[in-house]
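Each of the two complexes below includes chain A, the first together with chain B, the second together with chain C.
For the complex of A and B:
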């Protein structure tokens, strides 16, 4: 008998399909914006005025790293909780409620961003994804973000509620691993998203509404990065969940170790948040000593990633050996490379391993100075969230969407081409970004071409770097569209059956091999809170003591485009700089 | 829409349990990755530090 997810939980499958549709819509818009940027900044094709580039850039950031990733996260987590607890939410209306709130928030923020394209609407939010002061967007943008984040909090509450209900029915049992991963991710998210909530509600929103005149930029930046680093794990952990839960099965094997997986997720609760200041190595106003502590914490974060590399690869090897693979490296040939779900995740893991190295460069206080604010940083982001997460989500969808629809995946070999195309595109694009960053090409710049100045590229040329960036961007866009087309066709591929059922094989080493303290979520949350207090109390106190809660009279710099495009923007920038200096 | 895609998904040929499985292939890959990291660090050191002059001292 057919046993897919949709057969067991039709209403949950319907809900998750809806969530995925939202995620993929954001993906389509964000990917298109990415294409515009890749062609614009390389001066190959400029379809928008350069000031409008920043509207596109804000949309690219917000739609991809907030909407696409986080909607996908809540979809996958809903699947993981339902499937592993084998129960529906306590109250499905509540579930639809938080989804509705997230959609409403997204629509408001999207309206504020997209209105930047329309001159007749006096609304814009060209603040980029990192919406720090003094860049100021329309209040609707911040209200949208707040609603979105509150929606995710309620989603977490919903999963905790399901778990508590399950616990009442299963006293003394270990938390099933997928649910454990969901709950630990949400604990990390609760701890870390407080920062952005405080930054918006207490400072940035009142400031954009004109209730307060001034803001302390260092304070709001620090609060942003308090959230801004852990949020990358919010993008990454659903990919980890798929690597731990799905990839062993797709490889034909079983997860190597359930206890190791639990340890990894606990380490993310503990270490994700007290590291945010590593994004501020070049910020004045934070003592070097605290930056050093944060660097040490960041280097410890490599540990869960190395543990993951070991556990996931060992699980894949187990699958390969069960499928008849032999030898030290020969077993790799026995893996199901023709399966896009498998190959996409494996390639995403490979890119992640390389991007991890570049993350060590970013995290090192001294060597960070070399790459700070250069094109290297978007290179890092695109290997990590843009591939480790995004490619895993796409590959995971090749298995999940048939489970959610009861339809067979359309175009399995086109899917294989799609994930390969993404891999090739990202190699081209990030190779260009990393190398461009090393020679000093700035990030977030519509026209990084300067007269009377030449970048010294050691091997190759700027023209070659630009060509790689543009080719990479085009390949990624084609790949994204192929993925979306396959998803759409699969949705309508009725009268067919998925090739697989919903069962996930038990780990080789199960939870019974680990101490029960791993499941003591309160303990880990408490230790994480202490670490956060240690890392942040004194820096925040010193920022507030020196600059005041509302800052040394920093006026807003509304990011609206008036008059004749770029000249006007430059004029406003100069006026702002002069005003700040003359104070 | 018909899809001529009637494969089996990753069916194992035989089961290997916990005690029979030594992830030596994983160890091999980890050693290779470690070597790649060391080489990249060396490369970075030579290119970025030894290849460049010291930061100029600017006296105003």
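For the complex of A and C:
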């Protein structure tokens, strides 16, 4: 008998389908913007004016690294919690509620960004997704971001609630691994997203509404990066979850070690946040000592990824040997390379390993001078979130979406072409970006062609680098569209056989091999909080002492249109809401 | 906890690698002296830039033998000064601040790179061995025309580098028979004394004068011109000091009724003059 997720939990499957649809819509828009950028930067085709490029770039960032990734995360986590606890949420209305809030937040932020294309609407937010003050976007942009983040907080609360309910029914049992991963990710997220919440609610939003006049740019920037590095793990951990939970099964075996998987996620709770200042190595106003401390923390953050590399490869090898593979490397041939779900994840892992080493370069505080804010950095981002996460999500969808719909995947071999295209596209594009960064081509610019100088490319030429970037961008866009087409066709596929079984085989070394203290989430959260206080109290105090809470008289620099009536409107609306609440 | 032997080995190897990375970076910082941009400078509000001793007039200044300081202001969408000129075989400390938003200051193709944050001053010290030309770009998005924000850094051969500045002032008109003075101001930005010759030329006349300007000081030179010798008409003049040249034109007229001189006497006279001049122009 067929045993898919949708058969067991039809209402949950419907919910997750909706969440994935939202995620993939954001992906479609973000991918299209990416294509525009790849062609614009390289001066191959410029369909927008260069100032409008920054509207496109803001959308590319927000829609892909916030909407696409985080909606996919909540979908996968909803699946993981439901499937591993074998229970529905305590109150499904609450579940729909947080999803609604995330959608509302996304729509508001998207409106503020996209209105930048329309001159007759006096709203825009060309701040890029990092919104460094004193660049100022429309308040609706910030309100949208806050609602979105609050939505994710409630999602976490929902999963904790499910777990507590489960715990009542299963006293003394170990937390099932997928749920453990979800809960630890959310603890990391709660600790880290406080930073961006404070930056927006206490400083940037009041300032964009004209309630306060000035801002301390170093303070808001530091609070952003307090959140900005852990957020990359928020993109990455759902991919880790799929590598640990799904990839061993797809390989034909089982997870190598449950205890080490738990250790890895705990390390992420502890180390993800007290490292954010490594994005500010070149910031004035922050002492060298603090930068040194985060450098060492960052290096230790390599450990969970090294452990993951071992466990994932060991699990794959185990699977391959179950399938009849032999020899030192010969077992590789026994893996199911024809399955896009497997091949996509394996390629994503490979790219992630390479990207990890480029990350070590970024983290080396003195080498950072060479690559900081150069095209090298988006090269790194696109190998990590743009492939390790995104390609894993797409590959995972080839297995998950049939589970959520009960429909057989349409076009398995096209799926294989799709993941290969993504891999080839990313190799071309990031090769160009890494090399371009090393010769000094800057990131985040519409026209990296300057009048006063030429780049000195040691091997190859700028033309060749541009060609690679554009070819890569085009291949990635084609791949993204293929993926979306296959998803759409699968959704409407009437053919329901054969679909894989939903069960995940138990690990070789189960939770009984690890001490119960690993499941003491309060303990790890407390240690993480102490580490954050140690890493951030003195730097933040020093930044506030230097520049004041609201800065040394630094006025706004709106990248939205001046004298905007709509800002007044938002301000009145908020004041009204606050009054209503305070009554 | 049960951990597989291979996994233990892998764990140890990973830790060794991590500690190795930290050690090499520490060596790079302490041993090689690649220090980080830090909080050593006082804060500086963008409002105070114009009145600031260093940034009020963005420039390069000599502070020691082969040691220079460059005070750079970044603002949408330019760098000041532009170009930045420094000599080869020198050690230059850049002080960079922003007048408005967050910018970047990166010398293309090198590791001279810093964030520029309003309210803060970034400092970085760079050694320039060879003459060369570099581009400077803002590498942090700073608004609509971010992509146009660039500057130039020129490292000139030591012998060609000079920090001398020349200004000259003179009357435009002089009455036939009167004397007038052309004043030249020679500023020596370098630390060492400047010994040179100033040359003044007008009409067929050439006056040369030796001048010594003390380090980081200025000297004024006055060249007296006798209009009788020149005769009526326009006379071009130039003042030359080393590679610097200033020039102008002196007009010798028969009867000077300039506004400045007569206008100060009586209002009535001034009014008459203006009327007369207006009448002349019309005619």
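In this text, the second predicted complex is superposed on the first by the 556 of 583 C-alpha atoms of A that agree within 3 Å, B and C clash if a C-alpha of one lies under 4 Å from a C-alpha of the other, contacts with A are read in each partner's own complex, and residues count from 1 in each chain.
The working rule: contacts are C-beta pairs under 8 Å (C-beta built on N, C-alpha and C of every residue); 3 or more make two chains touch, one makes a residue touch a chain.
Since the model is a prediction, treat every value here as computed from it, not as a measurement.
Using the contact criterion defined above for the overlaid structures, shared-chain residue A:465 touches neither chain B nor chain C, since it reaches no partner.
Touched residues of chain A, counted separately for chain B and chain C, are more numerous for C. In the superposition on chain A, A:509 makes contact with both chain B and chain C. Once the two complexes are laid over each other on the shared chain, residue contacts for A:370 go to chain B and to chain C alike. In the superposition on chain A, A:310 makes contact with both chain B and chain C. Residue contacts after overlaying the shared chain place A:551 against chain C, while chain B stays out of touching range. In the superposition on chain A, A:327 contacts chain B only, with no contact to chain C. Legend: residue contacts after superposition of the two complexes on their common chain; A:103 is shown touching neither chain B nor chain C.
The intersection of chain A residues touching chain B with those touching chain C, taken from the two complexes, comprises 256, 310, 314, 367, 370, 509.
The touching residues of chain B, when paired with chain A in their complex, are 1-3, 5-18, 21, 23-26, 28-30, 33, 37, 40, 44, 47-48. Within the complex formed with chain A, the residues of chain C that make contact are 1-4, 6-7, 10-11, 14-15, 17-18, 21-22, 24-26, 28-29, 32, 34-39, 41, 43-47, 76, 100-102, 104, 106, 108-123, 133-135, 137-148, 150-152. Taken in their complex, chain A has these residues touching chain B: 249-253, 256, 309-310, 313-314, 317-325, 327-329, 331-332, 336, 338-339, 342, 353, 357, 361, 367, 370, 408-412, 438, 458, 489, 492-493, 496, 499-500, 508-509. Taken together, the chain A residues at the contact with chain C in this complex read 50-51, 54, 57, 126, 128, 132, 134-135, 216-218, 221, 256-257, 259-260, 280-288, 291-292, 295-296, 299-300, 302-303, 306-307, 310-311, 314, 360, 364-367, 369-370, 372-374, 439-440, 442-448, 450-453, 455-456, 509, 513-515, 542, 546-547, 551-554, 557, 559.
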